[in-house]
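Residue numbering begins at 1 within each chain, and the chains themselves are lettered A, B, C and D in the order written.
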Amino acid sequence: MSISFASDYTKGAHPRILEALESNNFNQMPGYGTDEICERAKDKIRKACGCRSAEIFFLMGGTQTNQTVIDMLLKPYEGVVAAGTGHIAVHEAGAVEFSGHKVLTLNPAGAETDTDRYGSEIGKINAEELRAYVEAFYSDDSFEHMVFPGAVYISHPTEYGTLYTKKELTDLAGVCREKNLPLFLDGARLGYGLMSKRTDVTLQDIAELTDVFYIGGTKVGALFGEAVVFPRGFPTRHPVPVIKQHGALLAKGWLLGLQFDTLFTDDLYFEISKNAIDMAELMKEKLRAKGYKFLLDSPTNQQFVVFDKEKLKEIEPYVGYSYWQKFSATQTVIRLATDWATTAEDIEKLDKYL
Amino acid sequence: MSISFASDYTKGAHPRILEALESNNFNQMPGYGTDEICERAKDKIRKACGCRSAEIFFLMGGTQTNQTVIDMLLKPYEGVVAAGTGHIAVHEAGAVEFSGHKVLTLNPAGAETDTDRYGSEIGKINAEELRAYVEAFYSDDSFEHMVFPGAVYISHPTEYGTLYTKKELTDLAGVCREKNLPLFLDGARLGYGLMSKRTDVTLQDIAELTDVFYIGGTKVGALFGEAVVFPRGFPTRHPVPVIKQHGALLAKGWLLGLQFDTLFTDDLYFEISKNAIDMAELMKEKLRAKGYKFLLDSPTNQQFVVFDKEKLKEIEPYVGYSYWQKFSATQTVIRLATDWATTAEDIEKLDKYL
Amino acid sequence: MSISFASDYTKGAHPRILEALESNNFNQMPGYGTDEICERAKDKIRKACGCRSAEIFFLMGGTQTNQTVIDMLLKPYEGVVAAGTGHIAVHEAGAVEFSGHKVLTLNPAGAETDTDRYGSEIGKINAEELRAYVEAFYSDDSFEHMVFPGAVYISHPTEYGTLYTKKELTDLAGVCREKNLPLFLDGARLGYGLMSKRTDVTLQDIAELTDVFYIGGTKVGALFGEAVVFPRGFPTRHPVPVIKQHGALLAKGWLLGLQFDTLFTDDLYFEISKNAIDMAELMKEKLRAKGYKFLLDSPTNQQFVVFDKEKLKEIEPYVGYSYWQKFSATQTVIRLATDWATTAEDIEKLDKYL
Amino acid sequence: MSISFASDYTKGAHPRILEALESNNFNQMPGYGTDEICERAKDKIRKACGCRSAEIFFLMGGTQTNQTVIDMLLKPYEGVVAAGTGHIAVHEAGAVEFSGHKVLTLNPAGAETDTDRYGSEIGKINAEELRAYVEAFYSDDSFEHMVFPGAVYISHPTEYGTLYTKKELTDLAGVCREKNLPLFLDGARLGYGLMSKRTDVTLQDIAELTDVFYIGGTKVGALFGEAVVFPRGFPTRHPVPVIKQHGALLAKGWLLGLQFDTLFTDDLYFEISKNAIDMAELMKEKLRAKGYKFLLDSPTNQQFVVFDKEKLKEIEPYVGYSYWQKFSATQTVIRLATDWATTAEDIEKLDKYL
């Protein structure tokens, strides 16, 4: 296969990270993230978030982070509210349930082919829907026999690459505070959301509006790693044993700190995120020029494109992609993702096969 | 601090691993360990184990591996038998219990100062003790109200650096098979066990005698990673969702394959493990020459040394160590560990402070 | 309140059960259901089911039974398929998730007011929908990252009092066997289903078509208790520790055996179940005569009736009912349930207030 | 078998309970313990405890209660401290671990034959040992990698029938408060402890000194049921969903209230508990007169008696007993328990076989 747009985690790490790894390789470090590189990385993240008192820890991947954070937020009899299409609801093999909690889905997952459905709403939770859900819950006579909503999980960008507007996020955060529900934002692809041409949401906004969020490294320039930020402090007195108990405490925790220290030096995280967006825009241009239709108008690095099955078979040996869903008897939706390292040359290569 | 022997995970990775990372950095890979580098690494490990049909997967760290593997081995009403000093019994923040299983300890953890107790037995499970335990269990009238022994966990080297002899391991495996208990060997420091001057146990023996074991990378030359080997196949039809559910499925799984591929090329794993042993022997020599006593005669890379508290305070600014336990009113046992990258020069540095 | 139709568990037990209790009160029994009364009850149930080799145990209530049985059926990475309105999906406070498993809902719960929706389908799982769901699951590229369907949960009667026809149940069982999914039937109100005027499903059919089901006692004449029947044997070698681990092993297990022994002597269970049906038919007649509308045409002992809010307020001091759902701005759906002990006089009383 | 002393749960319930059942049988009650009988019972218990503001709920049996209460007390990363011989540590099939928590045992279970070991200490937790344990925990460098002590579980009487003195209980409670550990007292046999000839501990003392305890019904005159008392309020805002989630919410909760209402009317609970003690004293007299030795000098209703194996075989067809442990090559320790309904005539019968 000459080139792949199958996902944004097909490559290693930004070269500056590898350089940092090499130059720190024989500096002896204390274990489990208690080192000074982690502290330095946290400080840079705090600064970028405009949130001096934020508490931060680093974990290795998305599912692990979702499972661990949700477990920290919830009481045993509570569940987490998510969109029906949310990653935790569908693609984490029941990691939340494994920890004993129910995922309460506001709107069920579906694989519809009506493109009208795929507006900017898809993948998101609506503030008023959430309010209605919570109020209906507490007004149910038998609510004590049901799973209590205990936190709200959203992702930004969502599974469909869509983004909350600042107003939507503010409204959602408002309902969450009113109903005493911590708001957790999965930012596995946060950089691509922040650098979208069509967003008015900043990192500072997220730090202000959510109770916990993470800055994805795995899909944005790091080998692996997610920086979990609690703008107003940890919800538990002892996060370490909770992390350890989930098998999520990396012995050489400084590897995580080092990657985020690099990404948050000289705005590297934002710069490489912008690259993915620029390349996605270029890719969309090429696709549109060739007459391709899109499932939805995604403002981030993931594009959901309708292909004739015949055409797909033709490009398959040369272009990596992800199957997304059926579109019609003869057509399929695929996902094409750009990333922090995609080049204009890569897009040219793709264009040749379109 | 000029030098640290606090643990065997204070440094990054063997330079060949960093080189491999760099040269593969922009080769696009499929996700979750479904790549060819992982396959290549597995083949090399199979060959080293003399076990062509072994099933293998890679995880990120010890606690994660112990939790996930034990969960695969046990039925819901079963617990795992371990030594009272076992890592899963003491130092994993209840990760096994978090997964719903009890750790059944054969001999309780203790911090005794009687060095007679610290023979080659410490940290191990004895075959006859295990047999007696299992037979007592099933002859108890109320065994159905108790936690069934469902698997046996050992580590090699143990928490105290001790090693099973081939006879001990064979006897233990015999009881396990007789009693239908899978035997799981935690090899977080396996290289250091295999290259000890005082062992008759080979990697092939372990593959023959256990039902699952892992080859530790984190403490033996890798950035992170453990290679989990099931010599006679997986105990579950679907290991992937179990791994995912534990938050243990690395997106860029090829990072694990690449490290083990490097470690199992040209016997690198064994060579660097041998270095740690050679350096530990040199360190012991220096310590003995200065009259230091040892808690036990450890045949591997971890040494447990008795220090006067005064002396400890003196060297503290220059030498990193781990507190192990109280020895007497004026004396303390510390752990000093060599590793894959320790040099004779490092030992000389230490010697200056002794 | 002069009379209540709020539920079918407002009263104690059939007098013959109290008599049996009294006459056995000082006969000393071994603990935990290992007694001969339990054996006698099991034999009678086996006979009634036409299934000599069935394995049976007794538990105390519905949620406990659902949680324990589902945990016995599933592998750790599997979930249980249920209707979105299913009791385990909505009204058990997350007891299934507490045990680590996801409830996979085929059709989401809703509170619609369109009576067309409330045909005989409501609350049930359709065989073809199930087949489509399972086939879509395994044809998804990323199914190993999703929760596997591992068993199917249905109730008969359902939450809405509806019943499977023999053909529907046969088709569903067919798909379950084809897809290797054990079929679990929640029979908390089984008697009322079996004695409905509009059913062609017998107890023997259920024993033949399901892998496990229970015969509800709590709502059908017992003080408490559910008889769990595995027509083709237990799915686990050791059910006792699983039951114990769920806190579900009653010390005086003979209390459960004694109640079922009584209920399955001289067809008492069927006779008193028929009474509830007869009384429900009488109640429907009275309601219809007064012009009341029904949410759906329930063939069992629970009736879902549309009341003007004004009227409800009027009868509230005299008639116990359960709020079910909103119907319109001025109307509410309530549930009225008859039971094993409802008398024609009770219905007359109700009629006076209508 | 003509008579059994195998346990204190071989019989039904005190006749007054059966009478109450019968007279309330057709009084319609709301579900799940929200009825007035439960309220009445709670008030009587509050009065007996001298604790007007106590919060109370009723559960069905010991393991269920231990599991549910412990789960309410602990944070996810905490375990419960218990004696090595504690019921939760040995005889509950891992119900605590099933809920995700470790049982931290202060002194391991053993089956020694040295009667010197079996003083009044056996089965208990010592305040100073607890203090030492907790202090050692927090002074361990790696305590965040270990299971935090989060609550203390004791039983009174213990598994061996022994009792805490008021001083011992006060000291223990003192350490618990100092270390911020809720103290939970398992009172499955509480009545027999309170009515012992050799106790200075009252129900009021227990309400004052513990954070939660239960008054056992199953073994003391009820068909089943334990009254869980939180003298200073619930540790969770919503106990109902926690109970429901554990499958522990009885539909006809009034059955539990009714039994405790009866037991706490006219001091019935104390009166029948005293009967068991009187009969135990009589039994001891008879045994001593015939030269039998005791494993320990139990002050409550369970007696642990050394029998020649030959003699045991002889009485086996006539006298029910529980095997307890091996004593010597030719001798066995058995448990003989009196209960709320044991008569002097029963003891005479036993005496004939001694």
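The definition used in the following text is that a residue touches a chain if its C-beta (ideal position, glycine included) is under 8 Å from a C-beta of that chain, and two chains touch if they have at least 3 such contacts.
Everything quoted here is computed from the prediction, not taken from an experiment.
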| item | value |
| --- | --- |
| Remotest chain, chain B as reference, centres from CA atoms | C |
| B-D or A-B - the one linked by more C-beta pairs in contact | A-B |
| Where chain A and chain D are represented by their mean Cα positions, the distance between them in whole Å | 50 |
| Rounded Å distance, chain A centre to chain B centre (Cα mean) | 34 |
| Rounded Å distance between chain B and chain D, as computed from the means of their C-alpha atoms | 41 |
| Where chain D touches two or more other chains at once, by residue number | 76-77, 92-94, 98, 100, 144-147, 240-242, 244-245, 249 |
| Chain B partner contacts - residues on chain C that touch it in the complex | 71, 75-77, 100, 144-148, 236, 238, 240-242, 244-245, 249 |
| Contacting residues of chain A [partner chain B, same complex] | 1, 3-4, 6-7, 9-13, 15, 18, 21-22, 24-31, 60-65, 67-68, 92-95, 98, 218-219, 223-224, 240-242, 244-252, 255, 320, 341 |
| In the complex with chain B, residue positions of chain D that touch it | 76-77, 79, 90-94, 97-98, 100-103, 105, 108, 141-142, 144-147, 322-323 |
